[in-house]
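What follows is a group of structures, each given as structure tokens.
Two complexes, one shared chain (chain A), two partners (chain B, chain C).
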Partner chain A sequence: VAVGDAVPRQVVDHYENPRNVGSLDRNAKNVGTGLVGAPACGDVMKLQVEVDENGRIVDARFKTFGCGSAIASSSLATEWVKGKTVDEALKIKNTDIAKELCLPPVKLHCSMLAEDAIKAALADYKLKQDPNKEESEKKA
Partner chain B sequence: REQRYSEQHSSLINKAYRTLLNPLSRGLYLLELNGVEPAQETDCDADPVFLTEIMEINEKLAEPGNEDILEETETLIKVKQEELTKEVTTAFERGDLQEAKKLLAKMKYFANLEDKLKNKKIPS
Partner chain C sequence: PQDPRVLDSMLPYLTAYYGNPHSRTHAYGWESEAAMEKARQQVADLIGADSREIIFTSGATESNNMAIKGVARFYKSRKKHIITTQTEHKCVLDSCRSLETEGFRVTYLPVKKNGLIDLKELEAAFQPDTSLVSVMTVNNEIGVKQPVHDIGEICRVHKVFFHTDAAQAIGKIPMDVNDMKIDLMSISGHKIYGPKGVGAIYVRRRPRVRLEPLQSGGGQERGLRSGTVPTPLAVGLGAACEVAQQEMEYDHKRISQLAERLVTKIMSEVPDVVMNGDREHRYPGCINLSFAYVEGESLLMALKDVALSSGSACTSASLEPSYVLRAIGTDEDLAHSSIRFGIGRFTTEEEVDYTVQKCIQHVKRLREMSPLWEMVQDGIDLKSIKWTQH
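Now for the complex of A and B:
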């Protein structure tokens, strides 16, 4: 184990006390589900959001199988999206997550995975609201 | 000095042997030799059915130890790994490196599951 491998306190916190672990009803119209994987390390991450009629995210859950940084990133992501509108949540960047968790360079891809999971969940939600918009949305 | 030289080479040989013995690392090495980088970016448009399957197997493994489920899962993982190894071999034989790359990415997920299962079997 190399020097500098010390796990940041924030990561340990999210790992030992993960917030929002679980599932939402993926069949509900106002629930968006994002399922992403990181092929290099084999981590999988599922992130779900529940959106109210005003376009605000009222609940979020995650299930991640992977390293502590991946779990912490997705845990933090679910905390951050709650209370935000869909458009606000789309602005969450992996760099913000990485900074908050003090992720070392070798674990930056974990925060990227979390950002992708958020986007995938929101894209799924949007698709459910208006399937006909799929073609124009794909270009975004 | 000669001893250090021998040690380094012996260590290299061990590493080479281990790399070539395991189908996943062997496949990734072959990709590297052909100038193809293994899959790096997040799989956003990766087969959702595949990722769902990986999630489900992970969830099964996370459940408190039930011997039968563990055995069933172990068999499932082995079968999948054998299938994938065959498909990777075919892809390489055809010279389809992009397909090999995709399949090796899938094998990585199963390699992780295999490790998790091994850890479950070790009494803590």
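Now for the complex of A and C:
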């Protein structure tokens, strides 16, 4: 069983006391939703951010189908994005998440998926702010 | 766990009676030899065999290796084909794979959705140079019971040897090598409340099954398996077999009740739970359930004080989900959501109730945390979503 010789304490903590489980209104203009992973892979993360008029993330929620490390990675991600601007949040790296949770090598992909989830949520938010700009940028 | 009666039988041979059972010339040896032969008879009695047909090994893995590689190699000048199934234990599949690199051909029979092989497909798989058919009696992941009676018949008709890995079946369901026309059988000590590190292989004498030994040496165990037989472990295996024979009927009834209790309670409280493997043709003590929209390892974390396992990729070193579940056609996401519950001689009703209660509580909690559950509640068909590649 590759749960590790002992599951890292931080992972257990996030598992037993997850932060920010839930959903925000995906139809609200200032909410970005990222859905990454696939059920066939055993890992699906939904991460949502609520951004204020100054571009600062004021709230975040997550839901995850995945192992303890996946749950912990996405839970930590929601903690870290809160209070950051969109650009600051984009700088969060999977290696930081993995280090904070002491993830063993076999679980590193969970932290990578969490980084993807953050980026997907922020990309969705950006798209909602200026869909026309995205369209013309794509055409160019 | 080891049955205390087994431990009792072993202790003298771990302390005072330390003679080498192959030493012919002194009383220490004779004592040990007598104990070893008594154990051999106990194993034989459990399966309706003659004690001369029982060889002690280090476990079912070694027995499986011996059966498959040993038979294949002995008859290799005339026979180069083996038939097995896709749901066998890793040691069987790996032995076959290793034989393929030696130039043998192997047919890995698929199984039906219920985990059982299709007898017609077995018939069709025979070739003029088939030397062996290997099909496990009870599967270790999903508990299904193959129709060994019928398989034995078919193999006799085709004059091909029939080997069965009976590690999960021995001592739990009645087995008779003559009734079932079995030619080789693998037996595991620790699967029947005996010690780890010992097992046995049954090798039929009439008609004679020949095999090339894996281990060379002093010619112990009729030349088929050299090496000093570990007397205390063999004694333990023998005692475990004798106890199993006595307790089989009572154990089976009790375990069936507990299994029924577990499954019924869980399924009545929690929707979208699937049992993997045939409902009828199974050993009740091995139950494999998939809890849709909840990943297996995350559920196991909540149940860490219970010895359970999962077919989820996260719990395997290779990050691949269970090949047994894949063989029965389980959707990949349900394979990641599977938990195997094992109920045995020493499982109590309290333990079952505790496990059930914790399981229900955490499945509900994890579903609240699951984006898949949320989408399904909103009426979304998960199969219609384009998931991201990762």
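Keep in mind that, in the parts below, the second predicted complex is superposed on the first by the 126 of 140 C-alpha atoms of A that agree within 3 Å, B and C clash if a C-alpha of one lies under 4 Å from a C-alpha of the other, contacts with A are read in each partner's own complex, and residues count from 1 in each chain.
Keep this in mind: a contact is a pair of C-beta atoms (placed from the backbone, for glycine too) under 8 Å apart; a residue touches a chain by one contact, two chains touch by 3 or more.
Remember, it's a predicted structure, so these values are computed and weren't measured experimentally.
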item: Combined model on chain A where chain B meets chain C, clash or fit; value: clash
item: First (chain B), second (chain C), both or neither touched by A:Asn30; value: neither
item: Partner chain(s) touched by A:Ala40 [first = chain B, second = chain C, both, neither]; value: both
item: Greater chain A contact set [chain C / chain B]; value: C
item: First, second, both or neither for A:Asp116, with chain B first and chain C second; value: both
item: Touching partner for A:Phe65 - first (chain B), second (chain C), both, neither; value: both
item: First, second, both or neither for A:Thr78, with chain B first and chain C second; value: neither
item: Touching partner for A:Asn20 - first (chain B), second (chain C), both, neither; value: neither
item: When the two complexes are fitted on chain A, the stretch of chain C hitting chain B, from 3-11, 21-29, 57-65 or 147-155; value: 57-65
item: Intersection of the chain A residues that touch chain B with those that touch chain C; value: 35-44, 46, 63, 65-66, 109, 112-113, 116, 120
item: Touching residues (chain side chain C, partner chain A) in the complex; value: 293-298, 300-301, 309, 312-317, 319, 321, 331-333, 336, 368-374, 382, 387-390
item: Touching residues (chain side chain A, partner chain B) in the complex; value: 35-44, 46, 63, 65-66, 109, 112-113, 116, 119-120
item: Residue ranges of chain A touching chain C (in the complex, touch as defined); value: 1-3, 7, 12, 15, 18, 21, 23, 35-46, 63-71, 106, 109, 112-113, 116, 120
item: Contact footprint of chain A on chain B as seen in their complex; value: 38-44, 46, 48, 51-52, 54-55, 58-59, 62, 105, 108-109, 111-112
